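Chain lettering (A, B, C and D) follows the sequence in which the chains are written, and residue indices restart at 1 in each chain.
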């Protein structure tokens, strides 16, 4: 039976038509065998374009459709739906990417036309062999896993919990709150970070729909959208949370003081048994076994002696819990750029050079100095302070990207220093980037009221090597003031490095664990940078907040809520349809050689001993097709990627080339 | 194709759906111009590549075949690209046994972010195959392919 | 239409074997000029100079002393956030300026470079006495006396050679150089 | 015994003869064989790049080809020669066309550059190939407590980006510590001394040298150790003129690191070319001798024997 194929060529405005002669292409396609109609149109994806296809399917009785336009990753779903509406099985459709693979990457118009023909010819040959398929419908487990308990994860968890679904919120540290809990003020409104964050932390901690798993890390993820099984390791707190009331007596009585390099960024001390900060959620402390006197020396147990409820449990072990969820949101946040990597800025060598998190703690009213901005000697109030922007960012030696928050953060620092010390403040910047709501107004405000001196230039070095009068005992910032074209040496008492945001050190492993991708910088990759910013290429796994790329609190909260909305939408549907791209064994042809058995990482293939053949479980099969290629008997078929479909596509693609080569001998 | 009658090889490229096809998308979005000689075929995974696809392409007139996939360790299907790697080595041996230059087939890894790298690799491969000259392998008899009906899922 | 390359293009083309990125990637941050140990003697900072090249201000660039003051210490190179080979840019400008025979009055750098090259071509090795006194007049009497004192000190300590050193296979060496700059007047004069 | 092709460079023939002598003496005492390149030529120094880049590469390529003939890696004590040879090697290995062009010229001297060897600075050979631990074992005369400021200068560490620590390397300090001396920490150890501007821009050169000397002095250096003949000349021979220019009173001995290392390895000052300094090093030598006696007769030993 001969098929009736319709070929539709999209101009994509001038994106395609500007390079490819679409009229000639459509004329040529119309002449191909089996092609009943070929048309070109300005925007095939528009409703008018889609109606064109629907009308042809119905009126001309098309049995196959090919659209030559953008990448199938953008509009395959659009056109499949269009076919479906007109009564044609959506899998009897093929797409040829003549935008991403031709018009955008080819300069020569003649060659672009030839390449477009080849791709369309391949698609037409293939589509004839396409088979009508029905999507696989699976149930969605309504439970959700949120990884990361910073402001993004908290927001996402609360949205989902409020919608009535259960959330497992997993956090690596002893308390949720993330970096935001370390801050004093938040830009541009300067409201107190703790005042706006604590209520949300409290809600997350007490919400009946949220199971909080702090001091815990996800170890294993199996399954697919709607049906994930997750294993989480709960590190031993050495505190029985059933008995603990969070009274804090253990922490008071613990004799061991440790420098807190996490919450206090190395600026303050904590005990060996501790909650990182008073408003911590949950309220239960954790024991730092590496530093606990009992664990190191065998005696002490002060915490146990004084605990009124007997909650201290030195024998407590790590526990691995396992549960099922339907969707996952990753909100794993960021690490601060290590300023030691730029030795010329003196961080780690010169006492009064601080990084941004250290300054946050220094200026925090609940911080180690009670919010007093003083030098490392613990008493001296700085008379002059230099704030350096873009530290580790926008620099090919470190991170090429802009960290997005440093300008506003540095302006905030300038304001806080001025307010708390009255010191002369210098901001050293390359560009001031204040693009969002009320941000530039904040910059204007600093310019108007704070007498901050702005020097445009990337600082070359910070040194204590005095050379000129007035430099003795100071930190000297050497920089070109690019607006006057002069090198300047500016002596100050304190330097604050506005360090950049970096992906978590283990971002790559986490991405692998959840089956998603990382960019070259190791930020998690979203499905589409503009139109699908919180979904990933893996169905059922979403990303939100800084783990996807540098952003500030408002945007992180927005993304947390957005990811939650996507998940709630899916859960509400109760079922999800999966691509029917699955492998199956034709028992007649199977010789029982078992070569395919060890090809599948998802354990979808089993050998039926009684029948002497292998069998594939469609619920576990992910459709990669590796077993199909491996089967020596050709007994395995990979639906929608069958041998016939692919071999025909190869033939189709090369048919154009051969014709053309005969015309123009090399 | 070109004005100076320089030999322009025809190359069939296989990509996986997750990394290398997206790398081609990324190259497009970044408007990176690269050799137009390669025509890509999308599969779900480089593990789907059956050696007969490569032989078919070479026998139908392709002068080279490019196989692309996710970087080892980054496979969307956990480890299937390692199987591609093993098959690739076998395939090269087979090609040599058939009297073909085994460097007409090349394996390239490209992540979804590596549009520029994919474009550079394509340029390199095209120029290498161009140096090898046309293949002109015996054209296989055209056959009709019939797939068994898929098992109902 | 005038199709001659612009000054900016000429300089970019001349940076043939540069290890870094093109100067078009400069973000004018001033790291180079902030780092430069000689910048106080330059009439334009290195960053400024890059801006001037990009604006095709050829005459102003050629009138600048900036690149003649560059000490080739490469400190800007390793710090440049855009990975521009700034030291190579300075060499390129020196070459361009010598090529065009256009540089500011009173600079020793260009003549020094040429004399140095001639010296090496004549013997294959460098010989300090040719260099130092020949240019010391530019520093005036006091400078000359100081230099003479230093030179005498070195002589007394046996640290200045009396005869210029020469390599053995000098003819081969000169023919080798001739391959690179066949018609150069430098070689001609050296012989 | 590990062997290297040794390229001394023009300065070491006369101006920095003591560097040449002490380098060979140290190598001998560390069981290294330095085979001087046969009929080497000038590397072109920094001035050359200003005239003709291609010619500059050719000059260095000739020396590299001479080393390749010996089938040995090249070592050079001069930082300027090192930078030129190192980058010529990197560039030619990367650019086959350029190498081919230069090989045409090298044919005139029956030479061929193939890019088979590596280029090292003397400091790297001692610190990496021999190793600081090994040197520590070989020290027979500790330079105990002599405050030595290690001066890296420019071209040993820059402009390499593949280098581990471009801004704050530590191997020179480690080497000095291995001799029993105390390495002085000072901020300008990586800053340019201005040596290449001595002739063309004297005022700038002096100002840079002054800053460097001042910074080393401020941090208590008794002597500055250099690994480059240009740095040595600039910092030592012109100290008096710098004093005149800035009204300063510097009198800092500037020694080659090989001279100090040689002393620690038991060589005599004469073997190491001492005596040709313009700023006397006698105080340094005296201090080492004094300290020697005081360390061999430490209070503890005296107490124990008495």
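As a working rule, a contact is a pair of C-beta atoms (placed from the backbone, for glycine too) under 8 Å apart; a residue touches a chain by one contact, two chains touch by 3 or more.
For clarity, every value in this text was computed on a predicted model and none was experimentally measured.
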item: Identifier of the chain whose CA centre is least distant from the whole-structure CA centre; value: A
item: Which of A-D and A-C has more C-beta pairs touching across its chains; value: A-C
item: Whole-Å separation of chain centres (CA-atom averages), chain B against chain C; value: 50
item: Separation of chain A from chain C, taking each centre as the mean of its C-alpha atoms, in whole Å; value: 50
item: Where chain C touches two or more other chains, by residue; value: 40, 78, 83
item: Numbers and ranges of chain A residues touching at least 2 other chains; value: 344, 397
item: Touching pairs among all chains present in the structure; value: A-B, A-C, A-D, C-D
item: Contacting residues of chain A [partner chain B, same complex]; value: 71-73, 97, 99-102, 104-108, 110-112, 114-115, 118-119, 122, 129, 131, 133-134, 136, 512, 515, 517-520, 525, 537-538, 580-582, 584-586, 589, 599, 601-602, 618, 622-626, 628-630, 637-639, 641-651, 653-654, 657-658, 660-661, 664, 666
item: Touching residues on chain A, where the partner in the complex is chain C; value: 344, 394-397, 430, 456-461, 478-482, 485-487
item: In the complex with chain D, residue positions of chain A that touch it; value: 342-344, 397, 463-465, 467
item: Chain C-touching residues of chain D, taken from the complex the two chains share; value: 10-11, 13-17, 39-42, 44-55, 57-59, 62, 87, 90-91, 95, 98, 102, 104-106, 108-110, 154-155, 158-161, 166-167, 190-192, 194-197, 199-205, 207-208, 211, 237-238, 240-241, 244, 275-278
item: Chain D residues touching chain A - in the complex, by the definition given at the top; value: 161, 165, 167-168, 186-188, 211, 214-215, 218
